Amino acid sequence: MRAAKYFLCGAALAGLVLGARLESAAQNVTYDEILHSASHPDDWLTYGGNYASQRFSELQQINKTNVNQLKLRWVYQLRRTGIFESSPIVVDGIMYVTEPPTTVTALDVRTGRPVWRWSADLPKNLLTIGLFPTNRGVAILGDTVYVATIDAHLIALDAKTGAVRWNVEIGDNARAVAITQAPLAINGKIIVGMGGGEGGLRGYIDAYDAKDGKRLWRLYTIPTTGEPGVDTWEGNSYKYGGATTWNTGAYDPELNTLYWGTGNPAPDWNGDARKGDNLYSCSLLAIDADTGKMKWYFQFSPHETHDWDASEPPILFDATIDGKKRKIVAQADRNAFYYVLDRVTGQFIAGKAYAKQTWAKGLDAKGRPIENPNIDPTTKGNLIYPSITGSVNWTSSSYSPRTGLFYVDTREQGAYYYKGHPTIDPANPNDVGGGGGQKLVNGDAAYTAVRALEATTGDRKWEFKMVGDSWTGTLATAGGLIFCADSQGNFFALDADSGKPLWNIQLGNSVRANPITYAVDGKQYVVGEAGNAVSVFSLP
Amino acid sequence: MRAAKYVLMMLALCGALPSFAQVPYERLLKSDSEPQNWLMYGGNYGSQRFSGLKEITPQNARDLRVAWAYQMRGGGVMESSPLIVDGIMYVTEPPSNVTAIDARTGKPLWHYAPQIPRDFVPVGLFPTNRGVAILGDNLYLATIDDHLIALDAKNGLVRWNTQIADKADGYAITQAPLALNGKIVVGVGGGEAGAHGFLSCYDANDGRLLWRYYTVARSASDPGADTWADGSWSNGGGTTWNTGSYDPELNLVYWGTGNPVPDWNGEGRMGDNLFTCSMIALDANTGKLKWYFQFSPHETHDWDSSEPPILFHATVNGRARKLLALANRNAFYYVLDRETGEFLTGVPFAKQTWAKGLDAKGRPIKMPAEQIEPSAEGTLVYPTLTGAINWTSPCYSPITGLFYVNARDGGAYYVKGERKFEKNNSNGVVGGGGGGMRPGPADETTTSIRALEATTGEKKWEYKMVGDSWTGTLVTAGGLVFSADAAGNFFALNAETGEPLWHLLLGSAVRSNPVSYAVDGKQYVVDSAGNTLFVFSLP
Amino acid sequence: MTASWRWSAAILLFLGAGAAAILPHAAAQTPQAPPAAKDDPVSKLTPEDIANGKQIFAAQCAGCHGFDGSGQLGPNLHGVEARRGDAGIFAVVRNGTGAMPPVMALNDQRVWQVVGFVRTLGDTGPIEAAKGDPAKGKAVYDANGCAVCHAIGTTGGGVGPQLTTIGRSRPPKYFYDFLPDPGKNPPPGYELVRVVARDGHEVTGIRVIEDTYTIVLRDVGGHFYSFDKTKLKTIEPEPGKTVMPSYGNLSTTDMDNLVAYLSSLKGAQ
Amino acid sequence: MTANRWLRTAAFILAISALTAMPANPQANPAAPPHSPHPKATPESIAAGKEVFAGTCAGCHGVDGSGSNGPNIRGVGAQMGPEGVYARIRGGAIGSGMPAFTALDDLTVWKIVDYVMTLGHEDAGVATGDPQKGKAIYESSKCATCHAIGAEGGDLGPDLTHIGVQRSIVSLADTLNDPGHNLPLDTGLQERSAYTGYVVYRVAMKNGKAFEGMRVNEDSFTIQLRDAEGRLHSIQKFDVEKVEPEPGKSFMPSYKDKLTPAQINDLVAYLSSLGEAQ
């Protein structure tokens, strides 16, 4: 079918000259195609661009010399207000984009015109504690699009028409379970986590049968009575300990292993009633994709009290370290440290701060933080770096095999952390304040920057400073470019080697989504989302 | 280019002198001499929406690209026609907010949002705003809840705030006021809610009411009262909800009036129902009626005559005349002598089935009532209820002598109903205009940009669009006409031939009038789609 | 500093989540008669309602606006009622705006409770009485031409912040510290910045807005200067400087009276 | 409205409510109970809603919701459910003309919702056939190849899940006998609701190629068609010689000769039973 598509593309290209119509093959994506997504960069088949979630594109039509000619080709505007964080999937001429709170729209990538739209029927008393009612994208496998709804359902839609194929409940929204992440489609399985960690629940990650939605396995991220690690939770705090799995992870097909980050222990800012390391919160989990068994874990922030989830998308790559070829998983953590781990064993290889932090002296040989004294929130407010929103949050970093650099949109900001109730009442999620809160160090005292780190060491190669906040992921291309944006509406391109700004445009509202790129009819496009609009750029 | 910018700054610096008024009346009078600015709703006092800028031409239009965008933060529909004054753009956002934007970079400079009472449901109109007026150092904003507010153009500070009407009586305002010499003229909307139409003129300095002209009699002795059977003039109507024009030499204000009340049930109001669905010419100093011309006597299809009147000079039958042209919602294009109101020409510019034609005086010769009057089961009549054109502005080019209008061809089933109206509409209006419409045959309604010979109304060319477009038109000295289709394709046509030259899909309906301006000597074209303001320029 | 300053500060200097780009003078409010008590649910709120509103705020709003409403992802809400009014706040909670999602899970009464709590944000609460005479203070205010730069209600200039409700958010002590040396601690949004263009041209003014690529300054005349940062040689803050002159020369009584007057400005509440 | 119709309406409304109701847990959330719950729809509430609709909504949506300046909303009730309609009235729709009606109190909104739920809700009339037999015919005729009921079935033709309340038995029979004769309005994208759906277009390209497809979407410069194989065709009009609809044509075969009148009667009975029992 892929071959067929190439033939079509060829035909289309020829067609362009002759002035022919442009035809989309029936949308259909095999596991094998996602597996080798690098070999057909025209599409963007999975949330992270590939299973390693590198957000790197082999497309190079747009390059350092011509990027300054980029031109807006079409715009699609959402029909409702809300916060727009969707990372589109592009397959065979169709772009699947999700609108807040949970609407999937299929767009014709050639013209920007919608071809179908599906909206979840949501409960009127929808509960979203500590997160926006939005959605970050879909997964596609075969001729089916998979979306996880804000009220915690997983729904399979016909990729051609948006007709519902099946619908299963992942969690109880009346208990504050809510999902914003894009599911991950692997061989015959749909992997999806859940959010709502401020609501006082026990985190888990599920695998569902892509055909019928049957649940294949569930892994709880917090051990229960009798399981190892339960003793890292004082009393019965493990029952409501959070450790949600709210952002999309990565997958290594050879090791058949999923890599998924976990969120904060609950309540966030008051650890008094949950003394101990609180496993497996704020950790990276390596999970057997067939059984859902945990192979290993690495906890970035033991007994975390600043809402520094470890949910940042992990990036997989192979590199030679000390003359040894290593399979690596790297993560720029919300806690301001960059970590390099062996993804076979979970062994800590390297780690260092990539943003200002005042909570740890550093990491020990095993990668455990050596904490400073008095870093916990107080009733009066305790100034700590980074802020609650973290050095990076849910937005994706990228990795370029060409440069060997890891590109992260970094936030330089501190916050006064306040302490509240030590316990939470899971029966009443709407009252959960997370056990405290924060006041940001705002204004000129804060800034954001796109930073390029040596992927194996975390040493900073360059940075591009932005004024104000930024909630955008980075996109790396074989054209030697990094695309990113700021919250003031500037969407821009940087030189991947030097960080030099090469192009920018003012889109008029905060950009809060991971950029992607695709090609159709032989032309490369870059997608930026600002405010309530999808904006698509290409060369003239 | 930098030089140009510094000149701009020097200007600004001079502006710091207390005596200097930023936009004195003289600048408005000579607005055509500074095409880099867009100083009033209609572009000039003749509402021609003609831009003297010529950097963008049929030859280079294909290179147009988005220079910057600004997204309004709320919901609602953006119908604002911005002003651009010395590098600063003043745009309004729903319901009645004003934002000042750096016209070079798109960065907002200040924002003003009046407090709108919550217990308010505007009837028969969107809670939006179509623009502000500028005079001296102030901007003038008419709010959805019937206040006229003077804002300091530098910072959005309220200078004065006066109430024009009471929303409880059905009044609501979306139009841009019109600034004259020391005066601000503004009308009212709300015909479906029983508003009794009038046009008001305020002192620009302190908001004092200078005059008010009621378009419909308020007592049996008032002029026109005898054209409303059984004292039905008390129903009201004849609102003045869209911005009019002004002739400084004649010192006349020209304003269109809306439908009689109730809209679709005329039984209780037999007669011509003056001065509804008319053009009124008022003395700008006194507000006295100089002349009127009624387009649709005893109107029963909600075909307001509120379309912007365009003023121009032309030679008709060998005689140079001051003319007023109006493409009416009722599908006829009219040319009047604006000194006397004399009818000169009238021809259909879109499909219509309600009149055989116009008589020598321009009065419609209507089809038999049973063919055109709303009925319980619905009567199919062309044009639709929204009209052959609605509030969006046509434009006129003194270069081509053409009148460009976004024309709608389509019909609707007009349904007659009972009129029930509750004065306090805070919880939704019950009943409304005594009926309404069902859409005509599916897929029939289309819109086209039509170029008419301004003096005769004869069609020179047309550009057909798909769908129901609600976009005004702009014509430039560069020889381009800008408009957009219902899907949000913003496009440029050759003003001479109508040939499409360039388009870009903006992703949501374009429901406002495009304008053009220049900063640092660079020409920009601006229009809004959905909730986003897009600004285009050459690379 | 007044609510409006902090509001603007939050957005101007650290625009989060597409917060409405409100600039200082956005606080200009229409002097409309407050709605009659009957259709004003806020006036009927009890202390219990306010407490309930606070609880709801902590769970549903604090995530973005900070638990004290001082803003983080969402804008600073202190004094927002001066701009939007109760109905405006209600509408935003009910419908959302920009990035803010509509809150459908609260009934009208709950929303009004939240509005009631939001109104209290930024209030300094009971502040010690100023010792001077407000009436005499007004004379000092007028005599010193404060109105050239500052507006109270609809009268006065727009160079400095609006003072309409400054008495609600500022204790007298603040004025005693501020008036003699305004440059020491200018409110966010009023820092002086000096920019030098490549060609040597210089402009010094209040920084209205700055992002990664552009900066806009406002001069004493209230005029705007917009710059493409790549065309500038330097952009330097002028610490300690402000366009506002020092009033340290006022007599103690005049100062007391002026402070008393400013403290008495609480808006139309 | 006829008693018969009212009963069907009520049943339908309740069915929808049942579909969309969440397991309510009053304890779950004392600090913030949902906005006032949906009172049971009554003929009175529907009538009251109709009155408010006439004044407040009809200006854009037409006196019967079939659209004017705003979209055709007949049948949105089935798609959005009462909560969805409520939320749309309360929250409006960005970039469209639909304002957020915050001024309306909860009860008034619910009355409008009750009325809107009845729009596009055809009084199907009394089907004379046997639904059971009809179901068998539906299956033996392989209708599911192109049509979906619930999650089951194909996607080339309209979703039939609610067809029983959207179409009268007359029009159903009409369509089965002559599918191209009286095509329904587009039930796909809301922005297409004013247009006839499933119209077959014939496109002649400048390069001589020609093909057919159903119109999915169209604007002044482009048209999107779905062909009989379900493939999407994205067409720039400047590449096109001629785009023209083929009146009377449909990808759906006629069952006039394939089925006996009695069988069609049964099939119609089955189809008209769909939507309410769901």
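Per-chain residue numbering starts at 1, and chain names A, B, C and D are given in the order in which the chains are listed.
Going forward, a contact is a pair of C-beta atoms (placed from the backbone, for glycine too) under 8 Å apart; a residue touches a chain by one contact, two chains touch by 3 or more.
Note that the structure is a prediction, hence the values are computed from the model and not measured.
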A-D or C-D, whichever has more C-beta pairs in contact: A-D
Chain at maximum distance from chain D, centres defined as averaged CA atoms: C
Whole-Å separation of chain centres (CA-atom averages), chain B against chain C: 36
Distance between chain centroids, defined by C-alpha means - chain A, chain B (Å): 47
Multi-partner residues of chain A (at least 2 other chains): 77, 80-81, 111, 113, 124-125, 127, 430-431, 489, 506, 509, 531-532
Contacts with 2+ other chains: residues of chain C: 18-19, 55-56, 59-60, 90-91, 95-98, 102, 104-105, 211, 213
Residues of chain B touching at least two other chains: 71, 73-75, 105, 107, 118-119, 426, 487-488, 505, 508, 529-531
Complex interface listing, chain B residues touching chain A: 63, 65-66, 68-71, 73-75, 105-107, 487-488, 504-508, 529-533, 539
Residues on chain B engaged by chain D in the complex (per definition of touch): 75-78, 94, 118-127, 192, 384-386, 412, 415, 417, 420-421, 425-433, 435-439, 442-443, 445, 464-468, 485-489, 491, 503, 505, 508-509, 511, 529-531
Partner chain D, residues of chain A touching it in the complex: 15, 18-26, 77-81, 93-94, 108, 110-111, 113-117, 119, 121-125, 127, 158, 160-161, 163-167, 173-175, 427-431, 532
Residues of chain C defined as touching chain D within the complex: 52, 55-56, 59-60, 90-91, 94-96, 102, 104-108, 110
Contacting residues of chain A [partner chain B, same complex]: 69, 71-77, 80-81, 111-113, 489, 505-509, 530-534, 540
